[in-house]
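Labels for the chains are A, B, C and D, by order of writing; each one numbers its residues from 1.
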Amino acid sequence: MKKLMLCGVFALVAGQAFAAADTIKVGVVAEMSGTFADFGLQMTNGAKAYMKQHGDSVGGRKIELIIKDSTGPAPEVARRLAQELVVKDHVDFLAGFGLTPNAFAVAPIATEAKKPTIIMNAATSAITVKSPYIARVSFTLAQVTEPMAQWAYKSGLRKIYTVVADYGPGHDAEQTFKKAFTRLGGEVLGELRVPLKNPEFGPFVQRVKDSKPQAVFVFVPAGELAVGFMKAYEERGLAKAGIKLLSTGDVTDDAVIDALGDSALGVISTHQYSAAHPSPENTAFLAAYRQVDAKTRPNFMAVGGYDGMAAIYEVVRQLKGNVDGDKAMQLLKGMKLTSPRGPIQIDAATRDIVQNVYVREVKRVDGKLYNVEFESINAVKDPGK
Amino acid sequence: MNAVLETRSLCKAYGGLAVTQNLNLSLARGARHALIGPNGAGKTTLINQLTGVLRPSSGSVWLDGVDITQMAPHERVARGLSRTFQINTLFPQLTPLEAVTNVICERERARLGVLQRRFFRLSQRVDEIDEAYALLEKLNLAQDCQVETRALAYGKQRLLEMALALAARPKVLLLDEPAAGVPEGESDELFEVLGALSSDISILLIEHDMSLVFRFASRITVLVSGAELVTGTPAEIAHDPRVREVYLGKGH
Amino acid sequence: MNMMEIAVTKRHHLGALKARERWKPAEIVFWLALVAVYFVFPTSLVFASQILITGLFALSLDLILGYAGIITLGHAAFFGIGAYTVGLLARHGWHEPLSALAVAGMVAGLAGYLTSFIVLRGNDLTRLMSTLGIGLLLYEAANRATDITGGVDGMQGVEIGELFGLFRFDMYGKSAYLYVLGVAFLLSAFTRALMHSPYGLSMRSIRENRTRAQAIGIPAGARLTNIYTFAAVIAGVAGALLTQTTQFVGIDVLGFQRSADLLIMLIIGGTATLYGGFIGAAAFLLVQDQLSNLDPRYWLFWLGILLIAITLYLPGGLLGALGRVSAAVARKRRGEDA
Amino acid sequence: MLNLFGVLFDGLAYGTLLFLISVGLSITLGLMRFINLAHGVFAMTGGYLLVILMAHAGIGFVAALPIVFCVTALASLVLEHTLYRPVYKRTPLDQVLITVGIVFIAIASANFAFGPGQQPVQLPAALKGQLDAFGLELSRYRLFLMAVGAAITLALVFGLERTRMGAMIRASVDNRRTAQSMGIRVDRVFQITFAIGSGLAGLGGALGVNVLGLDPYFSLKYLVYFLLVVVVGGPGSVIGTLLAALLLGVADTAGKYYVPQLGAFVIYAAMIVLLLLFPHGLLGRRYAR
């Protein structure tokens, strides 16, 4: 066993010397297996879609993706993988990070190794503060929650109940919504926090129904919890009782909407991306994505992966191939891109993303359910900072 | 009455079923007392109450004039009450030497410092090991002292049962059918060991092998469905009509 | 037999006991190999530290499962308590690693002592579930107390000071690896001494036959509580080491997945062998890493096949198999000598 | 006062679902003393089978259920014959290792075949929405669940207590050797017991998709809930498992409705308390492992 490892190391070292010259390596740390396997799949598919569309070389340098599986919310695994990518594989960029704890754990590595790190999904506001070498192209929770409160008040709703998943991001969404909505004069009837490992939503939804609010604002992570909530929402007949359902895009996420079924029709949500977004960039993105993976429907995480690669390509182009940590960060600050979701910019001061947040309603469009955007709040900064 | 082990109106019942009925047994110092009775007379349940494995429904157990009814099994051993088991209850993967040394180290626990007990190597406990080896020699198990217990012959395992009980240097020794399963010829070796036991150990012997009982015991108590039928010398018991009746089944 | 012969035979059995306790060549090679890793794999020291930490954590489970015979699915509770203790200390200005390590061990030990009364009741199954329940309750508490523990996002602002004021835990993990190796060796040697002492012998006798152990004067209940507390201390130290070397505390330190993986690693390595934990952890994590590099999405499939193969063809785990091989070799060699 | 009935109804319905999924594990664990952590795999297989039957083969929801039961039962026989039989006599640790291996393979295969996302299941109209019964809005699907649960409990209790097969099962568990000496083919009995248990799990999994959702990680994610119900109820006792499932179902639901801020604490705390009070399970036989 020992001898095998030994010659493995020498081969690696030798190999690197040769390849370092002309390949730009992007180390992607993403959740490829475990409960959050679809996070990793979407992000890496999005990145591959960009490379399929724009070729795998820029400024004369070949771009190579090295995908590592962080197996789920496992900070020490993410940190170890990042360290190996930097020390062994000599990557020029770090990217990925579907979950916040993994991003936090890698921040010290990014700082020490001066490696530009692109966050493609993790949504807690404090991430970009953790290291001057972190830039985010996905979104922050507060950024998509505040517009929902503003729209709710504007559309005449005054009494709202909030239901959030009981964990860090859930608490942030609850407080952001409550602060924004009450500042405008609205009233939050009650706040419910639902356990993360929660197979049964019935009683919570029943409690909401019994307090008869005009609408209920919901934030739960995409996937199983969203499906569970929607089923209970429909089963308890809240729609029939006239209680509107407002949520962030996570609940009616493109990849999960089929599993929700017709119960999701009419749900109003705010998010930065919908597959039904009418723009040539989006159509091109969807076509490129289908070439990479025809089975799954791309969602906001795929766009995170796609725009992450766009930012990396732009940096490599401007630096003409020799990537240096500090120069790359200078370019990333203030960088403007036209993304499939619409115009986006990386804020020069906070290195966080500034983007349009759309208000959408779930409708059936030629046989499939989509979040159809009907209003846009432009250039929203992250209120969380 | 200098009874070293005594029960006072001991009762044990599982719901309606009375297994020990108002038993006042007393074991004199240095006695060779046998307890006999048909199967299901509650002999093993009695031993479990004496050793603390079972809590009696009422009544009390006294050792050397101290009430040990509520005491945990290991404390009773420390006070000198030791037992063997009817079915071999040994440590399969330990060797006889390790098992007996273990008992002696546990007995000397108070004398050893915490460090000696916890961190010094077992092989440094030379006195305990030698005492163990000597005891095994006495029970002619010396030549097998390094063999794993599970590999020992049944007869030898019966002797090891005895060795483990004796290693605790008991004042009172409860023998639960020591000859159980030992073929006729081989019980002499066992009898020899019993005979050689020093007189300051009081022994309560539970046994079916009447030849062993009448050769060994100086007093006999007959137990029938948990109650004491009669206690007396071997001669009295041999001629007592009630005993013959109970054993030969003509009785009530 | 005259005096001389008695002396000789008596010393013989003492020799056999001594032989069991002496440091075997395989053990020495094991620890030297770990030191060699520092020089041979300079770029993989972070991974090596994590394997060592998991091995130490598995050693603590071995004490409970291998030596005391208690099946537990919630051992991550103590690992997590150790990790969070160091994290909280660091957040409130206590940066010195060694003292924080000691505090973490004690806090975890206290938690072990308190929960041992719940855990030592009932049979194997109820014990499995009560340990699992305790683990899940702690996980929920950590998730709920977001302002203290940072909840699911993990604890931020964990700065660990230099070891002895000299060695910083940097990205390359050089000083971190030696620190972890030192602590792991000390605790392993400590446990090894414990297991070869009269106390260790009493633990083995409790596992072999608890009824008889009590009947020869061993306070089995107190002894099991004692070993459970000591195992909790080691688990707490392992958790603390992870926090100190990754300078971060994620809520997964308390997760059910960590306890479940640990149980699998120990079974793979072989229980009640002191080194089964380290071997099992190394094998499991190395194979998992290689497989996930080859196939990031479906490596679990190959790992599953490996587990089944080990169960069917390598009973007693790797060390069990190694034991049988070396015994066979020894028999063959003895066969040739006779 | 009204919502007390509502909570009770939800609790009982959720408890019934937990019972359906766990009773198979109670049988394998209690009657056969086999630690089958892969029990969730049969539930997951049942769920995915339902999805395939409904989506691709166009079979109705209710019609698909018996098919799911039979196919899962047969599939489990294959697994029992190949992987479980060699480990029956092995230590509990070996049983844990091999069953966890099976869980890992199932997760990866489901992920490969169906992708990591949630599986949509369209309920028939009759089982959707709510039914107004004496002022209470009762969900039709939960009523259906309770009906199926009651039917299966009766069938199991009747089967175990009254039929010859049930007697043979109980005999071969109480004393394997004596049962064999009486001419009962114990291996055959265990096979049938195992198949019934796994079939029920498949059925429970299929019925649970609408409430618990279905993704490749199902068998590991809900493993805790199966074990919890079986151990608290007392392995091997069908009534015990039902009692525990209903008790924990109501406790969890009431906890979520009345003291939502306690969230998941309720069900775990309830479990530990019940385990302390009944170390061998509510109705568990006092067999010491």
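In this text, contacts are C-beta pairs under 8 Å (C-beta built on N, C-alpha and C of every residue); 3 or more make two chains touch, one makes a residue touch a chain.
Just so you know, these numbers come straight off a predicted model, no measurement behind them.
Q: Find the chain most remote from chain D, comparing centres computed as mean CA coordinates.
A: Centre of mass proxy via C-alpha means gives B as farthest from chain D.
Q: Rounded to the nearest whole Å, what is the centre-to-centre distance of chain A and chain C, using the mean of the C-alpha atoms as each centre?
A: 37
Q: Rounded to a whole Å, what is the gap between the Cα centroids of chain A and chain B?
A: 73
Q: Provide the C-alpha centroid distance between chain B and chain D, rounded to the nearest whole angstrom.
A: Here the centre of chain D sits 49 Å away from the centre of chain B.
Q: How many angstrom lie between the CA centroids of chain C and chain D, rounded to a whole number?
A: 34
Q: Out of chain C, which residues touch more than one other chain, so two or more?
A: 140, 144, 297-300
Q: Quick one: which residues in chain A touch 2 or more of the other chains?
A: Counting only residues that touch two or more other chains, chain A contributes 33, 37, 41, 166, 195.
Q: Could you say which residues in chain B touch two or more other chains, in rising order?
A: Nothing qualifies.
Q: Any two chains that touch count here, so list every such pair.
A: Here the touching pairs of chains are A-C, A-D, B-C, C-D.
Q: Provide the residue numbers of chain C that touch chain A in the complex, in ascending order.
A: 33, 40-41, 43-44, 46-47, 50, 140, 143-144, 146, 150-154, 156, 170-173, 242, 246-252, 257, 292-293, 296-300
Q: Given the complex with chain C, which residues does chain A contribute to the contact?
A: 2, 5-6, 9, 32-33, 37, 40-41, 67-69, 71-76, 79-80, 83-84, 86-88, 100-101, 104-105, 108-109, 112-113, 124, 126, 130, 166-169, 171, 195-196
Q: Mind listing the chain B positions that touch chain C in their complex?
A: The contact residues of chain B facing chain C are 51, 53, 72-74, 77-78, 82-83, 85, 89-94, 97-99, 101-103, 105-107, 112, 116-123, 125-126, 128-130, 133, 142, 145-146, 164-165, 167-168.
Q: In the complex, go through chain D and note every residue touching chain C.
A: It is residues 29, 83, 86-87, 90, 92-94, 96-98, 100-109, 111-112, 224, 227-228, 231-232, 235, 263-265, 268-269, 271-272, 275-276, 279-281, 287-289 of chain D that touch chain C.
Q: Of all residues in chain C, which touch chain D in the complex?
A: Its residues touching chain D are 65, 71, 118, 121-126, 128-130, 132-134, 136-137, 140-141, 144, 256, 260, 263-264, 267-268, 271, 297-301, 303-308, 310-312, 315.
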